[in-house]
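Take a look at the structures listed below.
Look at the two complexes coming up: chain A is in both, with chain B in one and chain C in the other.
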Partner chain A sequence: MRTVSLEQTTHPVLIFWIIAGWVGYCILPWYGVEGFWSFEWLVDGWPLDDDYAPAAVLVGVGQKLWLAPMLLALAAPLLVLGRRKTDPLYAQVLIAAGGFGFAWLVAQGLGIGLRGFTAEWLTTLFGTLDDRQFGMGYGAMVTASAFLFLFTHGIAARGAINGDVFVTSAIGGVIAVVTIFVFFPITKMLLAAFATDDGGYSVLGFFPKFFDDRIWGLDCLSGGRCGVAWNSLLLAVLVGVLTTLLGLAFALVLTRSGFRYKRLLRALTVLPIITPPFVIGLAIILLFGLSGTVTTSLAAMFGVEATRWIYGLPGILIAQLLAFTPIAFLVLIGVVEGVSPSMEEAAQTLRANRWQTFRTVSWPLMRPGLANAFLLGFIESMADFGNPLVLGGNFDVLSTEIFFAIVGAQYDQSRAAILAVVLLGFTLGAFYLQRFWLGRKSYTTVTGKGDAGVHPPMPNGLAYPVYAVVALWSAFTLVVYGMILYGSVVQLWGVDDTLTFKHYLTAFRIDWTEDGLRWTGSAWDSFWTTMTIATLAAPLTAAIGLITAYLLTRQTFAGKRAFEFGTMLSFAIPGTVIGVAYILAFNVPPIEITGTGLILVISFIFRNMPVGVRAGIASMSQLDKSLDESSLTLGANSWQTFRAVILPLLRPAILAALVYSFVRAMTAISAVIFLVSARYDMSTSYIIGRVENNDYGLAIAYSTALIFVMLAAVGLLQLLVGRTRIGRRTSHGEIH
Partner chain B sequence: MMKRTFAAALTSATALSGTAALADLNLYCSAQEEWCQIMEKSFEEATGIDVAMTRKSSGETFAQIQAEASNPKGDVWWGGTGDPHLQAAEEDLTEPYVSPMRDQLHPWAIAQAESAGDKTIGIYSGALGFGYNSEMLEKAGLPAPACWEDLTKPEYKGMVQMANPNSSGTAYTTLASMVQMFGEDGGFDYMKRLHANINQYTKSGSAPIKAAGQGETLIGIVFMHDAVATTVAGFPVVTVAPCEGTGYEIGSMSIIKGARNMDEAKAFYDWALSKEAQDLALQVNAFQVMSNVGATKSDKAPDLASIKLIDYDFKKYGSSDERKRLLSKWDTEVSTLPQ
Partner chain C sequence: MTGINAKAASVRFENVSKVYGTKVTAVDNISLEVRAGTLVTLLGPSGCGKTTTLRMIAGLEMATRGRIFIGEKDVTKLPATDRDVSMVFQSYALFPHMTVMENVSYGLKFSGFDKAETKDKALAGLGLVGLTGYGDRLPSELSGGQQQRVAVARALVLEPQVLLFDEPLSNLDAKLRRQVREEIREIQQNLGLTVVYVTHDQEEALAVSDEIVVMRNAAIAQKGTPRELYEAPADAFVADFIGEANLIPVDIVALDGDTATVRIADYTHRLPSRGLPQGPAKLAVRPSRMRLVAGVGDGVPAVIDKATYVGSRMEYTVTAAFGTVFAVLDDVTTPFRIGDAVTISFAASGPVLIPASQPS
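This part shows the complex of A and B:
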């Protein structure tokens, strides 16, 4: 079967990329134009105007001659068009042309900037350059992609990954974007860890700063205060373990019990994930703070003095559990659903009782989900910034320390970078520990073979504690959200309890005038920007995340570990650092996108992609490889297999990735606060402005409105993506 | 070299409309949201110049200007405490400019500009003080504090909140004021005694007074105008001007070096120093004292004349060396003490 495609002389996709390369070079404006989506340049002097000219025109009139060598790389593939794929020359020419073209494009972009050569040694080598260039635009972008995919075609033709063009191109593409938008900015930022006060770099200066007592001190064992590193570690481990257990409890109730109101429970578990930052923290203060409802009534009841017990570890822990349990739940529900009932039935046929079945069959098969849920909880807690800020008291953690090292009174970028290194060390440690625990066992349960049956209910010994935990936690969540809803309709939260709708009116007023509808509320601007950016970012995030997960679970290639590490990297670093790193990296050519909406979309994609990757990996490691193999044996190529076999089985993971990235785009704050601009302000940064200004009512009203918007969006996504039907299972709830 | 860089940046901005924003003036604003908005709208109305405004705290704005130094995106930076403005001037991130409006200003505003080589100027000033929650005070049956010294009394143990000087400019101003008022040894001795009563060092400068408003602490050490604003917002907070005297901040304005719209930036600069522009503060409950001599004063605002202001040395205590020295001394000698 495969030989047919080998007989074909030229792959149509290859022709497409060759044409794309020429279009990018000869037709599209090479450098950035104002507004990515604005096509004003078409009527404004293009193609001869210097600002809008394509590379070919610039070179043709003798400008920017360093762009010329790329012509060679564009011309070379034309020579092999008629050749067979098996011809060694075909592969060699494509690899050489694509590789050279891409390398040259990157090198000239980095080497020549706004002020000519960007590095001292280039000037010494070639003399002063009296020309300069700006940020790359459409032309450069399209041409770069063309070079990249010519290169991967060449690699595939040489026989890498069984000559699979889709897989090599996907690997190449993901590596390229992750390098540009994750490694590049983070490297720029981390270089600052070695920066000295006088602007140079020193490796020796790093160590005393790294082993500082404020980071690693152990005084808390003897009554003092511990370093931030230990604080963060303790908190993150607690949050990781507890969110995993809570998430598992919810997942078990939803899949393995006769509980009636599953939808309600499901909605409840999603609530905290769609809550903008600060709001949960404020509600917790009003409940458990020194003057909080719960604290004061308990103090009165037991005759003890009210204390500030909530500030510090207890407060952050409660807030983070509320906020991150849903993430663990979203990861675990797919895995718990995916465990094949046939295996559990087999165990029961072999006379295992329900407890033995759970302990020896169901639980071990859930391990990938548990490990991934823990990892996400751990990393989220490490990177969380809003909750420690509100509830931290004197319990300092790495993320807030990093933020204030950058924006605080000291402006110590190098300290921020060092703290970021510590934080990164912890998250990577957790990552490797997780791999170690999972080991090399097989967790495959969805095989495509006969798979009828339903999940057995939980053993009683497990069910009662699980019910109790779920009931308590649900009640607590409801109380917190009751407080939030209440807070949005009172005059002044905690002081004046007169009911009012004025906060909603201020934020979301719409007036009807002669000119038509006027959005006069103060929140509309940031609201629409946020909606647009979240809608753009979500599908892109899910796509990149799932393709990456597919590559990581289904393909083997050199450097896979490093690749996996890279995709997790942006998630492990707190948003604040990403924000500053993005400004440092993308404020100057070759990629100049600060102050645009694009940088917000990109930062969301690469910050949230790891959730898509993790959810995808967890689900995919349950899908038997024989499914792919049968598809391949029947003559489908790997793209068709991915689209028709794997994707439909991945619906829970797709949903998780879509929901998560949409929601995070509307609720994330730490990276955003650096990247927003006058034209593109986001809801969260607006809300924080209100909180800073004592305007709690408006902040909470806006947050409440956002919660409802996100609920609607999540419901809509669920409808669009649809449910996966694995086997002929029905859940218990639907039987009753 | 520097000059060429600058010229290149300028021409790049005009030649390539590249990624330059569409507005005629890019304003970085570090005051509160409404104040920023009313400044933006009123300037647009007064001059017809289209403004794109971004609001961020002064620390964040400084970090951004620093990061954007090689390719500035902003034109003028208005508002926010003076130290980051002074530091920006020190690091040559801002442009010197002598406004024709200068003769209408209070001497403290001019003095600050001169100390920074005309790279920044005072637009408002606010004195340090503290506020307490009157309902809590009554319930606990405690006397009202009136002086800095009162805050160290044992009856307020665990009831005073201030920001961490490492993260907040307000708290650094407190530390520097104590050092200037009581001498370096006396100042640190005071900070140590105060430390015994502190329940939390917050990250953000105005957080202590918000906590006091919500009843999460009895006393918060903040700028007095923040305390007044909390009262006006409806919280039971009483503002105190300490009897020993106090330090103050000067909210400042600077033009960013390499600004793409230099003329518009200067037009904004001049306008922002006028009486009309400074009177806008009252409409948004900003209770600072404005730098224009003719600006209208609010009856709720703390009257600077009745407050004993110390002769605050902005140049010395705003410099990064002195700041680093005091902060590391505070870190090792004060923050590590048991409470």
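This part shows the complex of A and C:
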């Protein structure tokens, strides 16, 4: 039976891509169409109207003649239909056609823009071009994908990756999208940092701007104000260290103590993850601000003047600790649990006492977790936008400075780019320091399978301080959340404490009128936009993340290290930087998507993909490779193996990736604030807008509603993804 | 009811090498032929390249050099999916999220059978390994031996041209191991399958194989039927690996046609020369082919060093002038004691001459 599939000549997937290429070229509008999915363009002059015309029609009527050469690349693959895969011509034609088509499409997109040729040397070479073109649309996108996958079919037929079409196509696809949506915008942004006022580029102009005193000044040592770079660095290091320690304390209490209410503690630590980050900043203001509860009561008690001490480093620090400790905790709990109990038991049988065991075995094995937790805290703090905006006072940090450089009166792209380069430099630096610290030592025990045995309790000298910290911090978190809930139902905080639902009503009012249901609340627009975009982004993020993880764990191919670096890069790039880079890159053709919902979805996918990759890698490395191999020898191809064997066993990772990307899409602000538009406003940016207008009640009510929506969504996802029943008997005593 | 038939095909390796990275040569220039319908064992110490060889047949590893044929077809560049080969893994690799039935049907689904055929074949396969009625269980709900049989059934039902086993018994206990290996051999013979079987256990290899390929350091040391290997090992390595032969240094003092006369100390013994020249050589003698008699007699004088009672026989370590040897005797009623002086001689058939120095 299997021999039949061997003799089959043309792969159905190949036929699909050949057809797709023609459809993209001859039927779909080549350039971007606003409101594509409403299909109004179909009845509005398509296919002859210039705005909606497919490439074939444009070329046919003698316009945009530079699109014509692609016809050649579309026609060539027809030659291979009916040929055998082993025929050398098959591979050669596909590689040549796909490669040429894709390269041409990219080159013409980059070379010809809104004002003809985009570069001097093109004009000198070919003379002035009177025509121009706009951003690419679905026609161009489909044709480009077709060229890409024809090319990967070709290299698979040449024998790359054992001739595996699925794997070569997956690699090609991931490389293409990461290049377009990570490398391309970052490169654009780096170039912008070298831009001069008259539109040229200059390295000399870069340095004075880069070494500006406003960035690197050290006046605070002598009583003045320091540069934003130092502020950000100081804050990020503090946050990184403190969140790691707090997260570790919680993880230790959960795994290595007899504490009874562990589930409760877990819930408490997870709560901040589904909270929009700056909401905590708001609660801090409600507590410690000029008219905050604590401030006023303390002032009354001791008869001192209420001050604004919270605005600045202390406030941001507290808010960020509350917001990011859970992330450190989630990283550390995995690692702390993952330290094999049998290692610790072995240490104890080797006459180490509890303290020595902890110090010599448990702690060193937790190192990768500590490093990761620090890195995450550091990056999150660097990128955080909401809390510094709300609580910053005179303490400027990079992320807010970047924002004001772009949206403020100054509108200085090159300054924003330079600040973003500084920010990127810090996070990449931290990334490399972490790699360096972990070195090449193997910590495989943390990814191995769980084994029998129990973790020994903490030594007492450690346990008491840890308990104290955890208790204090838990109480503080509870108070903060109490404040949030309470703040959403009082008339006007600190002035009029009467209880009211007015804020919820303003935001989420629904009226019955004679035309039916009317969503009259002011928040509905941004709410539904956010829901739609989060729902679109989550599955796409999970899919790309898991496919990448599959490629990284299960396949070997040339350039795998570089591939891994590329896919993880966006993890080290703060959201603020991504936001700036996207604005600079996608505001002009060939890809012109600023102001659309698409750019939000895309930014979420590439911001959150690394988490999907990490989750996938972690669980895939626990699946024995012989499972895939036996599936392959049983006649399934690599796509069928991925679908039937790997995916079902990866449900926990899928769930994690889905939940994470959904929640992040709902709560993110740092990149979003640059990318929203009047039409596509997101909840978080709407709320920030309210805060800036001092409309705290509405902001807090909206945030509280979001928290509950996310709780519901997480529960729903859990139901949808379901569990894979694999039985829980381990290899102990299986032999009869 | 649909039965399981074989479409057995031969396997041929022509000068095949496998190099991992640039340095590790796991398989070095191997040529071999597995005839259709036979069971051939790859035997050798850990790390000698058995698994690599097997995975190259499956298409899970691609040969660095040389060509591989299954039947008359050159499959050198074909990936695993496209080869008509099934493999039973050491870890069984049962899919933990699928029932036994789903596991066994897995490959059938991708082979173009319709639902009814798939079910019939899967049931037939389960019947063949004696697991009828276990279809709805999960792999985790089976004992080790049962899991092993599911893995065999899953591979069998595809009626592959070649069936591969990588140390299939290593996770089973001793008693089960004997039983399962007999079942595998029986199924192979009844269906006329081509099987390539990897093991490091010489007893297992001798028991199941039509032919054994002994491997050493990524190359083939010797191939032949179990009897040939046991009775005529090509060199000391094979003699030692199969049946733990005692290797006794001897001198060939005279050659008379095919018969050699060898001297060990003052004792002479005559046996087939196997083409060896006069001069130093080695005599390979299985422990069971050693003869020990009390006191001084015709043979090599020696002393009993250790004596172990293992129930059905006695095991002795004996020291003579040429060194220490290991002997097994059936007489358990009047055993020798430690320190007894004995005379060593050899059974008429069994001991063989091998070259003095190992070819490297």
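Convention: the second predicted complex is superposed on the first by the 439 of 736 C-alpha atoms of A that agree within 3 Å, B and C clash if a C-alpha of one lies under 4 Å from a C-alpha of the other, contacts with A are read in each partner's own complex, and residues count from 1 in each chain.
Heads up, the rule we're going with is that contacts are C-beta pairs under 8 Å (C-beta built on N, C-alpha and C of every residue); 3 or more make two chains touch, one makes a residue touch a chain.
Since the structure is predicted, the reported quantities are computational estimates derived from the model, not experimental observations.
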Touched partner set for A:Q640, first chain B, second chain C, both or neither: second
Contacts of A:L627 with chain B and chain C, given as first, second, both or neither: second
Larger contact residue set on chain A - chain B or chain C: B
Which superposed partner A:D164 touches (first chain B, second chain C, both, neither): second
Touching partner for A:P314 - first (chain B), second (chain C), both, neither: neither
Which of chain B and chain C A:P539 touches, first, second, both or neither: neither
Footprint overlap on chain A, where chain B in one structure and chain C in the other make contact: none
Residues of chain B defined as touching chain A within the complex: 4-5, 8-9, 12, 15-23, 26-27, 32-34, 52-57, 59-60, 62-64, 66-68, 70-71, 73, 83-84, 87, 136, 158, 164-169, 171-172, 199-201, 203-204, 206, 210, 213-217, 229-230, 233-236, 320, 323-324, 327, 331, 336, 338
Residue ranges of chain A touching chain C (in the complex, touch as defined): 1-6, 159, 162-164, 624, 626-627, 629-638, 640, 644-645, 648-649, 724-729, 734-736
Chain B contact footprint on chain A (complex, rising order): 31-35, 50-51, 114-115, 132, 134-135, 214, 219, 223-225, 285-286, 289-291, 308, 311, 389, 392-394, 400, 403-404, 406-411, 491-492, 494-496, 580, 583-584, 587-588, 592-596, 673-674, 676-679, 681, 686, 689-690, 692-695
Touching residues (chain side chain C, partner chain A) in the complex: 58-60, 62, 77-87, 89-91, 93, 95-97, 106-107, 110-113, 138-141, 143-145, 147, 151, 154-155, 158, 164, 171-173, 176
